[in-house]
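Note that the chains take the letters A, B and C in the order they are written out, and that residue 1 is the start of every chain.
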Amino acid sequence: MLGRRFLLYLLILGAGLAAPWFYPQYIQQMALLWIMVLMASTWDLLGGQMGYNSLGNITFFGCGMYISAVVQIAMFYDVAAYTSAFGAIKPEFTDEQYFMGLFLGILAAGFGAMLLSYLLGFIMFGLRGPYFAIGTLGIATAAGQLMGTIDYVGGGSGISMPFFPWAVEIRALFFYGLCFFLAAVAHLLLRWIYSTQFGLAINAIRDDEDKAEAMGIPTLKYKQIGWAITAFFMGCIGAVFGNMVGFIEPVEVAFPVATFGIFMVAMALLGGKGTLWGPVIGAVLFHVIKETTWTYLLGWQWVALGLILIINIVYFQEGIMGWLQRKFPEFFGITIDHAPPDKDAEQ
Amino acid sequence: MLFNLQILFDIAPITNIQLILDGIFIGAVLALGAYGLALVWGVMNVKNLAQGDFIILGGYIAFALAREGVHPVMALPIVMVLMAMLGWMVYVFMIRRVIEQDMFTSLLATFGLSLLLQQVMNLIFGPEVQVIDSHLPNYQLFNDSVTLPVVKLLSLGMVAVLAVLIVLFMRKSRMGQAIRATAQDERAARVLGINTDRIYAFTFALNAAICGAAGVMVSMIWVLQPFYGISYSLRSFAIVTAAGLGNLPGVISTGFGLGLIEQYTGFILGAEYQVASAVVMLLLVLVYRQRRAKRKRQVVR
Amino acid sequence: MKSLLHSNIIEVHNVFKSFGGVHANIDISMHVKKGGITGIIGPNGCGKSTLFNSIVGAHPIDSGSIIFEEREISKLLVGQIARLGLLRTFQQTRIYSKMNCVDNMLISVSHRKDARDGLFAPRKGETLERALSLLEFVGLYSKRNLISGDLSFGQQKLLEFAMALMNEPKVLLLDEPTAGINPTLINGLIDRLHRANEELGITLCVIEHNMRVVMNLAEHIYCLANGRLLADGKPTELQADQRVIDAYLGGGH
């Protein structure tokens, strides 16, 4: 069992590293694919494993993006002057400045988003079910609008990010690598977390939070840690995405509630929420289908997306992994009826 | 910001009247949307995130009719009938299948519906902001410092009539009584021979019709844009959360209250804070309810 | 009084609780002796469950005081009280229905300050052994890998009991532990409750509807009727008490 799983990871690692060399023309799409995988997986930490369905994780994405932008610029220039004077003067970043700024920017984005999730958690985690989903949606929507009012970071017209100092091909490879790395780290971290007491605790919160409280599980603490992990990765990937796109603005790039914000939920549901691999499978499938059919739908793609989402939720709630687990429970170590004597470590 | 405050209290206090009037108009729209939401939430426990898109869709139907020369007042019943049919269809194909599932399912399904409606409207009517020209005069009051368009008064009157009709319907008619019975205890209602499936379908259709009416009002007094729905949805939720379910006077007065709050924050801080002010209100209400619940050793559900 | 304080792990003093206009608990005082088994009986609607919920913090009380280990707990929340070591089971059994039995047990470890496992502890070793031995204790070892929601009601009840033991509480409040259980299994359950009390040293407080169970189990019994404390004493004393017989035993038991 362990050997097979090790092989699988090796295969993914090999494919992930080799893909950009074989298909350099799709490198942007593939980087986006890893972003999708990360978003769906970290959404599932709360939505699937803990039963707290956030519609506003994109808040951390956008805030991370802006935090990194401010850090990257503020280390060397006055941000207000940079954003307002951009176009007239062209600030230069040396190689060292750029990469140090980027590194610190991504870290600051992750920890800043984490801090934000901690503060929001005090308000949001006193709420159950629909209030949580709608409250987070409201926060994400409001965050995009509020960001547009802050002139310091360029207001509604946005900021151009510092230029990548090397060749365009290297730039694409570099950001592809960053996305792949972050998605892989997130996946492995989640994998480990789900195998610990923490994983059980958040499952317990999902199944019956009142019982978990009555059994003394400090639910607020677990919920906040869970959201902080999600927020950290969303913040980091937001910073990376901002630099990858090269230009950030509040509504379409930083806080895309109706695109990325809903994609991550749709992908996790499609693959099967509450499983480690479901969101990954869902993200790959969703992204590939979307990218290959998008241009043929001639403007109807968004309608098709809404329709798919509805059909997915209404008629195929369990998702691919849920369906597989129901069909082949033994493969997943789920015991039905009388238990065989072996103790399987499969989560 | 300080200057804006100065205008209100010092330079031109008459501006307050304009803000209050506008607050009442937008508040009426919000109250209708929130009342419909409270209805489906209370009766069938569905949190409809497509509420705002129903409103905008109703507005666009009125807009399309206006292009054909139908006056919005005439368009109101047509819109309501069309929206009721749409609501009924949505119930049959979607809501009926998620109603027994956990609440997030219905929430997310209606969110999908919201995306769908937005995009369909976007394809048909384009992403531009649209207004209907009603060809009705504006009253200028207090030396031209307050503008009062006749069309806004007219729409307010329509809504008032509609609200009275709805209240009478819920109180007096057999269907209204059955709806209220189902809201109180669905199982008991079923035991008493009420066909709850039909009640649900009717309630959802009624909600869509109410949203349609709100949409007609929006088309008369405000602007239409395919993606504005989400802000109406959020504000409806804020109102219902603040007022509580099954509290009709509360929902309506909170709707007007939010309308006023928005007008004032919009004026003092700038128009881009309007949605943010609704979200802040929602969060404040939730914090307040959490504190109250904690004193009762409970949580907000 | 001071010596009493030490032997009583829970003290309830003059608790009032009403819902709307209905007085569910009127001036109730009782004690749970450390290390013993205390029973609460009474006809339906007498306020036993209300008293129970007041103790574990499921709702506020109107007035009075509830003391656990010399500490006032009537203002604390459910989770805080549970982390002090005062645990309850539910009448309508509650387990984590999508997880298997072993996982249900593993997550039920103590979350008190002195808890032995950390947040990110792996799920193996001594904790796992204890979980398995407790499943053995309640007779669910052969079902340990099943999804707990698929168990029968009685088995779920046993699982919930085992989960409570896993938590190593100081006091365990059991809400009708035999309700819905096959009568042939009741003696086994009484035996296990006794053993949990004696071998694991857990103080028990049991709400019971079934007179025979409570007479066999408890050392001291409180009888409630119409929200008031009617009588208390040893099982034999209560059996002879005319008021108890009128209020409760007279009703067909």
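As a convention for this text, a residue touches a chain if its C-beta (ideal position, glycine included) is under 8 Å from a C-beta of that chain, and two chains touch if they have at least 3 such contacts.
Source: prediction; values computed, not measured.
Asks: By mean C-alpha coordinates, which chain is most distant from subunit C?
Replies: It is B.
Asks: Tell me which of B-C and A-C has more C-beta pairs in contact.
Replies: By the number of C-beta pairs in contact, the winner is A-C.
Asks: Starting from the mean Cα coordinates of subunit A and subunit B, work out the distance between those two points in Å.
Replies: Result: the chain centres lie 33 Å from each other.
Asks: Averaging over Cα atoms per chain, report the distance between subunit B and subunit C in Å.
Replies: 48
Asks: Measuring centre to centre with CA averages, how many angstrom lie between subunit A and subunit C?
Replies: Each chain's C-alpha centroid was found; their separation is 43 Å.
Asks: At least two other chains touched by the same residue of subunit C: list those residues.
Replies: Each of 77-78 in subunit C touches at least two other chains.
Asks: Of all residues in subunit B, which are in touch with two or more distinct other chains?
Replies: 294
Asks: Hey, which residues of subunit B end up touching subunit A in the complex?
Replies: 47, 49, 93-94, 97-98, 101-105, 107-109, 111-120, 122-123, 227, 230-231, 234, 237-238, 241, 270, 272-273, 275-276, 278-280, 282-283, 286-287, 290, 293-294, 299-301
Asks: In the complex of these two chains, what residues of subunit A are touching subunit C?
Replies: Spelled out, the residues of subunit A in touch with subunit C are 193, 195-198, 200-201, 203-204, 206-208, 210-219, 222, 225, 334-340, 343-344.
Asks: Provide the residue numbers of subunit C that touch subunit A in the complex, in ascending order.
Replies: Spelled out, the residues of subunit C in touch with subunit A are 56, 77-79, 82-83, 87-88, 90, 94-100, 103, 106-112, 117-123, 142-147, 150, 163-164, 167.
Asks: Name, in rising order, each residue of subunit C that touches subunit B in their complex.
Replies: So the residues of subunit C in touch with subunit B come to 57-60, 77-78.
Asks: Provide the residue numbers of subunit A that touch subunit B in the complex, in ascending order.
Replies: These residues of subunit A touch subunit B: 53, 55, 123, 126-131, 133-135, 137-139, 141-142, 145-146, 148-149, 257-258, 262, 265, 269, 299-300, 302-303, 305-307, 309-310, 312-315, 317.
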